[in-house]
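Structures are listed in the sections that come next.
Both of the next two complexes hold chain A, though its partner changes from chain B to chain C.
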Partner chain A sequence: MPIAHEFEYAKPETIEEAVGILNKHGTDAQVLAGGTDVVPGLRDGLVSPKLVVDIKGIAGLSGIKREENALRVGALATFTDLIESELVQKHVPLLREMAMTVASVGVRNRATITGNICSAVPSCDSGPVLLVLGASIHATGPNGERTMPVAEWFTGPKTTALGSAEIVTSVSLPIPQEEHGAAYVKLGRYRGEDLAQASVAVLALPDSEYRIAFGAVAPTPLRANRIEELLRGKVFGDALIDDAKKLVPDETSPIADIRASREYREHMLPIMFERGLRAAVARLAGDGPAYGAQLI
Partner chain B sequence: MKRSITLNVNGEGRSIDVEPNETLLEVLRERLGIKSPKIGCERGDCGSCTVLLDGRSMRSCLILAVEADGHDIVTIEGLSKDGPTELQQAFIDNNSFQCGFCAPGIVLAATELLARNPSPTEDEVKEAISGNLCRCTGYDPIVKAVLDVGSGRARRQRSGPPPREESTG
Partner chain C sequence: MTDRTDKSPCAPDASSPPHVGRSVTRVDAEDKVRGTARYVDDLTFPNMLHAALVFPGVAHAHLKGVDPSPALAIPGVHAVAVAADIPGENQIGCVDKDQPLMPEDRIRYTGDAVAVVVADTPTLAREAALAVRVDTAELPAVFDAEEAMRPDAPSVHDGGNTFLHFRVRKGDIAKGFEEADTVVERVFHTYHQEHSYLEPLGTIAVPEEGGSITIYGTMQCPYYVQKAVATVLGLPLSRVRVRQTVTGGGFGGKEDAPNEICACAALAAWKTGRPVKLIHTREEDFYRSSKRHPMSVSFKLGAKANGRFTAVEIRVVADAGAYSTLSPVVIFRAAAHATGPYEIPNVKTDAYGVYTNRQTTGAFRGFGQPQTIFANESVVDEMAERLGIDPVELRLKNCLAVGKRTATGQLLTESVGLPETIEKARDVSDWEKKRVSYAGDNGRIRRGIGIGSIYYGVSLGAKGLLLDASGAHLNVYRDGSVRIAVGGTEMGQGLLTVLCQIAADSLGAPIESIHVDHVDTSVVPDSGPSVASRTTLMSGNAVIDAATKLKATMGKVAADMLGASPDAIEFRGGFVRGGGGSVTFADVANECWLRNVNTAAEGWYAAPESTFDENGQGNAYAVYSYATHVAEVEVDTESGEIRLIRVTAAHDVGRILNPVTLEGQIEGGVLQCAGMGLYERMKTSSGDITTPDFSTYIIPTAMDVPEIESVFIEARYSKGPFGAKGIGETPAMPGAVAIANAVTHATGIRFYELPVTAEAVRLALSERRDQ
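What follows is the complex of A and B.
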């Protein structure tokens, strides 16, 4: 079925030019990067802009760079770029483990991590991982540049803190201390194209510090503060895991949708959390399954 | 408003005027007569519209034709200009087609895999084609064809039986 909606197309060459276009056209303009969400949205009538603004011609939005204690992921970096990046593999293997679960090669070659968080569907794979890493999101708008913590980014299903006429230019990921273990566990119906039915990201740091986030089980990806608090400083073992699993229902509010029933999500979440937690702790100890291994 | 774009399709520059809402898939099929990319789900799930864009497999249903201006596009028609590739021949030898609808996409996805990873494992093959749906349940012979190329078995079979099994020399 062709795209029935008609629109104009602009391909600015600088971020200033792009912001100027967005500022002029307001909600009539739609930013386009990888297009794996935008094009189906155009076809389905979920978005009906008068102007599509392709940002792929803007220099400086590509690539993954090392900065002081962070990786700077450009707005045009695809999931394949993340998977193939030696910097990512060396410093933030969790990001690679997550990227490998996103859709399939043909989508990962095109889809960007920045687009993933801008679409902000509750099941987005990037959300839980960026939350446990404490990422920052850099945007440029009519009033210049600003940086937002990812904790303030997701404001609801498909909504974000991004202002009108603002464009995300990059995402900064603080590099966790060398000694860390992490895991991303994604439940899906099959390996190819599926969105997460539920997901959990775990970061285990020395001295029994943990960061945990869930995806697809609330209106936005969310940090599990109460579970983190319970685990902090405690001796790791079966009893502690059991106590922590009991808090999972308090932290999450899954719904039934086309991909899974509420009951199935509720049943699987504590199991996924335990698998992720055990893998992260084992990896912290220099043991455990290799990053990218199927944990569920 | 129509825009003039140039696509480098299968090594040949094709200039064409397109509307911004035309997808690359539609332009290839309906305007340029290249029919190997198929119209399937049109939302990136099935992989039947796969083309290689600058050497990477992508969903032509999710790309506006204007976005592809100036880029290299390879379809099955370009791949087999000089007869079937080794991979395509392995598909024939393994009976990896039934209805054939998914085949162009899977061949292109596997071509990309083999270009980057000439000897993939079975898991790597399955991962590479996991976004290409085959509804004839033909996955086993498809995976076998790709593995045959990766292991060099396809080449040995075409050139007659080897004098000895597997030389590591």
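What follows is the complex of A and C.
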């Protein structure tokens, strides 16, 4: 399908050059990496930039590196890169479990996790997972570099804390120090590529510490603080799970859309939460389904 | 050339034909795998322009004016063609004359286009299309077929909305229901289904010297397009040449829909005098291409305690959309087959076609039957449950067989493999064991196994007899190579390959020497449409007819060469034998050339007579294909999610021509059944489609494919090529209801609309818990 919109195209070679271009053009410019959101947006007339700034020519934005206690995921790292990374598999298998649910192989070969959080649709798969992992987002702008906690990143549907002349250069993920178990559960209508109708990420740490986040059930992905609080330090079991499930409606506010009804999302959220929680706890104990197994 | 054959599951013995029945590799495989196959959008012509259509986007309105001047003011825009530019007749109705190419005074659905904009690029054409000013005054609209049947409903066309009524009357249903010990009566609903072929609609119209025009395009029915373009341009058929390009799927969606797009491009080309390309986007295809008819089906079945069916009463209401298009043939088929494949002495069927202000509905693999099959095969299962008879046994007790009569009173005399499809599907799926063991599941995951059986009248039957003949042109060159033209289209189903096999074996020529072209209407006479599982049968028989004529001519020359009697000449495997000697096929071809003997021949095949009187009685179709699918599912009773685990698909195909392409047909059909059964729900609002893409309208992907076991039954058809009959439609027919029946077996809940989604299952399970 043709793109019924004309625009200029720039492919800077350094981050400084890219920031300079963005600073000059402001909101008329659109950053392009994998293009799996930008190109359909252009095609459907959802975005109509005067200038598209392709950052794929900038050195140093690719790859996944180990830093002291974190993994540094470059802005150009694709979901396929995450799936194939031994570092990810070893240290943050939750990230791989999530990446495997994103769209289809062809899309994953191009789409970047950074693009996923920059698009910031409420159903983005990366959001809940980065929230429970406590990720940080590194950006460069006219005033130099800055780092934001992911908790401050999502400001609304399709909006973020990123400034108009800033570019995300990488995302760092603290490697959970201790043994941990985690799970990502995504609701779709079939096994093929679907947007999350609801999602939940669970991180279970020793000493009954939990981090829980939901996606696609509020204007932004969000941490479930009250559920975390309830679970903290308690003996894990059916009674506790039932109590925690009762809090799910308080933490989430799903809507109805063309893909699923509100009632079905409300019905599924506690079920998904329970399955994710049980899988994470089992994995923490060195047991449970392998990462990547279908939990629903 | 490398060996195009492999080890076939039914390897022929010495008496078998050398190629028919073997898994000859598709002749178009290499081009498609390498990307060298040239689809219409890959083609370009000097000075070619690009077109886009103008959609007012209202469902029902007076069209007060179309002002192209803002579009024409845009640099790079060459022309805007409107209804007034049509030199011929503004009419593309396929059966009834109720559809203008572009409405002149009234818009009847959101897919009606009122102008064609021609520009330097597709992008510019689309931008300019938005600039065309359209003045409309909205009219009350109707979006539901049952509502449209009411006398006070807004009229889509003058003369009321119920424009079709087919009746089938056999025996006396009052008496039949009186004899019944049990009666089951239910109402079923199905909705629009999108064809979802890979390649959207597209065409290039090229004006030629001498006042003629050539149309290139992706299509199933080049002769339809030829007629539509000739009508709109006011040209004789001889000046409209249609060349089918490599076609990326059809499934019925490219039966009549190409008429519109090709006629629009032709009009634009005629007006500008330049080649014009018009390619739909996927979204435009959703809005403008035809769909599977939404139907409501009331189905009442009576049976004796011993399981024998005594009577059936059926009412079918089909939403035809804004124009009749192919509804008269689709709803005829639905009416003729609505009882399901059973001998029932007393039948009353009424099938109605109704206009609404929605997308037009027409041909879709199964052609009106999958909707009524959902009803009849659900009711048969419910009857089995009421009577305490196994669903397989109940079907075997009532099913059609040689010597039985259909609902239209037709006596079946040959090629009825239905009982075998049921038995084989039962045995291969291990039905008896699983039916018992799955019923014992009591955990969160419940398994279920379900069945569906169908029959399908091959080709066009009594309501399409005028179209039901096909031609072939065979040309043997002096080196023995053979070029074949036919009127049937390759749309991905494997026709070219199967015709090579048929030609090689009926001519006795080496298969490597045979080439079959895509359809060119200037070469072969009108051969009807490539639909209704008729193409292999019709084109295959036409090829055999031409080959028979050629062998008679060439045989005389060969007899002379071999010093043998012409009666003793045998053509086989590239050699011509007789009188104890042999020469190659190529030697004979060369000798014919040297002797000025014509080695080209025309073949022709016309379908046998069929009938359907005002009471729906008669031999509706010459022959039927039969199939039974058994589906196995796992249902998560907490989430409602359904996993289709395994499908056993047993098909009576008359004769296997190519096992691998046959399996391909069946596997694709099984997935379309999964789509209809589980996923595909087109949502609309005020005549607008709210799911116009594959992000919102989901179809099964490679991730959703179940294990598929294909089983073949060969109940030979005496008039079919080598005994074959049609296979195109049947794989897409029994599966959806087999899945629904499996979900019922797993959950104990019966569903009366398709698709059966996770949400629907969850809701039904929770309602049951609440009771």
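The rule we apply is simple: the second predicted complex is superposed on the first by the 295 of 296 C-alpha atoms of A that agree within 3 Å, B and C clash if a C-alpha of one lies under 4 Å from a C-alpha of the other, contacts with A are read in each partner's own complex, and residues count from 1 in each chain.
The rule is short, and it goes like this: a contact is a pair of C-beta atoms (placed from the backbone, for glycine too) under 8 Å apart; a residue touches a chain by one contact, two chains touch by 3 or more.
Only a predicted model underlies this, so the values are computations on that prediction, with no experimental measurement involved.
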Return fit or clash for chain B versus chain C, each positioned on chain A through the superposition.
clash
According to the stated criteria, A:Y264 is in contact with first (chain B), second (chain C), both, or neither; which is it?
second
Classify the contacts of A:G45 with the two partner chains as first (chain B alone), second (chain C alone), both, or neither.
neither
Under the stated touch criterion, which partner chain does A:T36 make contact with: chain B (first), chain C (second), both, or neither?
first
In the superposed arrangement, which partner chain does A:D54 touch: chain B (first), chain C (second), both, or neither?
first
Superposed model, chain A: greater residue contact from chain B or chain C
B
For A:T80, select first, second, both or neither according to whether it touches chain B, chain C, the two together, or no partner.
first
Return first, second, both or neither, reflecting whether A:R110 touches chain B, chain C, both chains, or no partner chain.
first
What is the contact status of A:P157 with respect to chain B (first) and chain C (second): first, second, both, or neither?
neither
Let me test your reading of the model: by the given contact rule, A:P249 touches which partner, first (chain B), second (chain C), both or neither?
neither
Tell me the contact category for A:P142 with respect to chain B and chain C: first, second, both or neither.
neither
Pick out the shared contact residues on chain A: the ones touching chain B in one complex and chain C in the other.
1-6, 104, 190-193
Spell out the part of chain A that touches chain B in their complex, as residue ranges.
1-9, 11, 32, 35-36, 39-40, 42-43, 52, 54, 56, 80, 103-107, 109-110, 190-193
Okay, in this complex, where on chain B does chain A touch?
1, 3, 19-23, 26, 42-47, 50, 53, 56-59, 61-64, 66-67, 105, 109, 112-113, 126-128, 130-133
Under the definition above, what is the set of chain C residues touching chain A in their complex?
121-123, 126-127, 281-282, 636, 638-639, 641, 678-679, 683, 690-691, 695-696, 698-704, 757-759, 762-763, 766
Contact footprint of chain C on chain A as seen in their complex:
1-6, 104, 189-195, 258-261, 263-264, 267-268, 271, 296
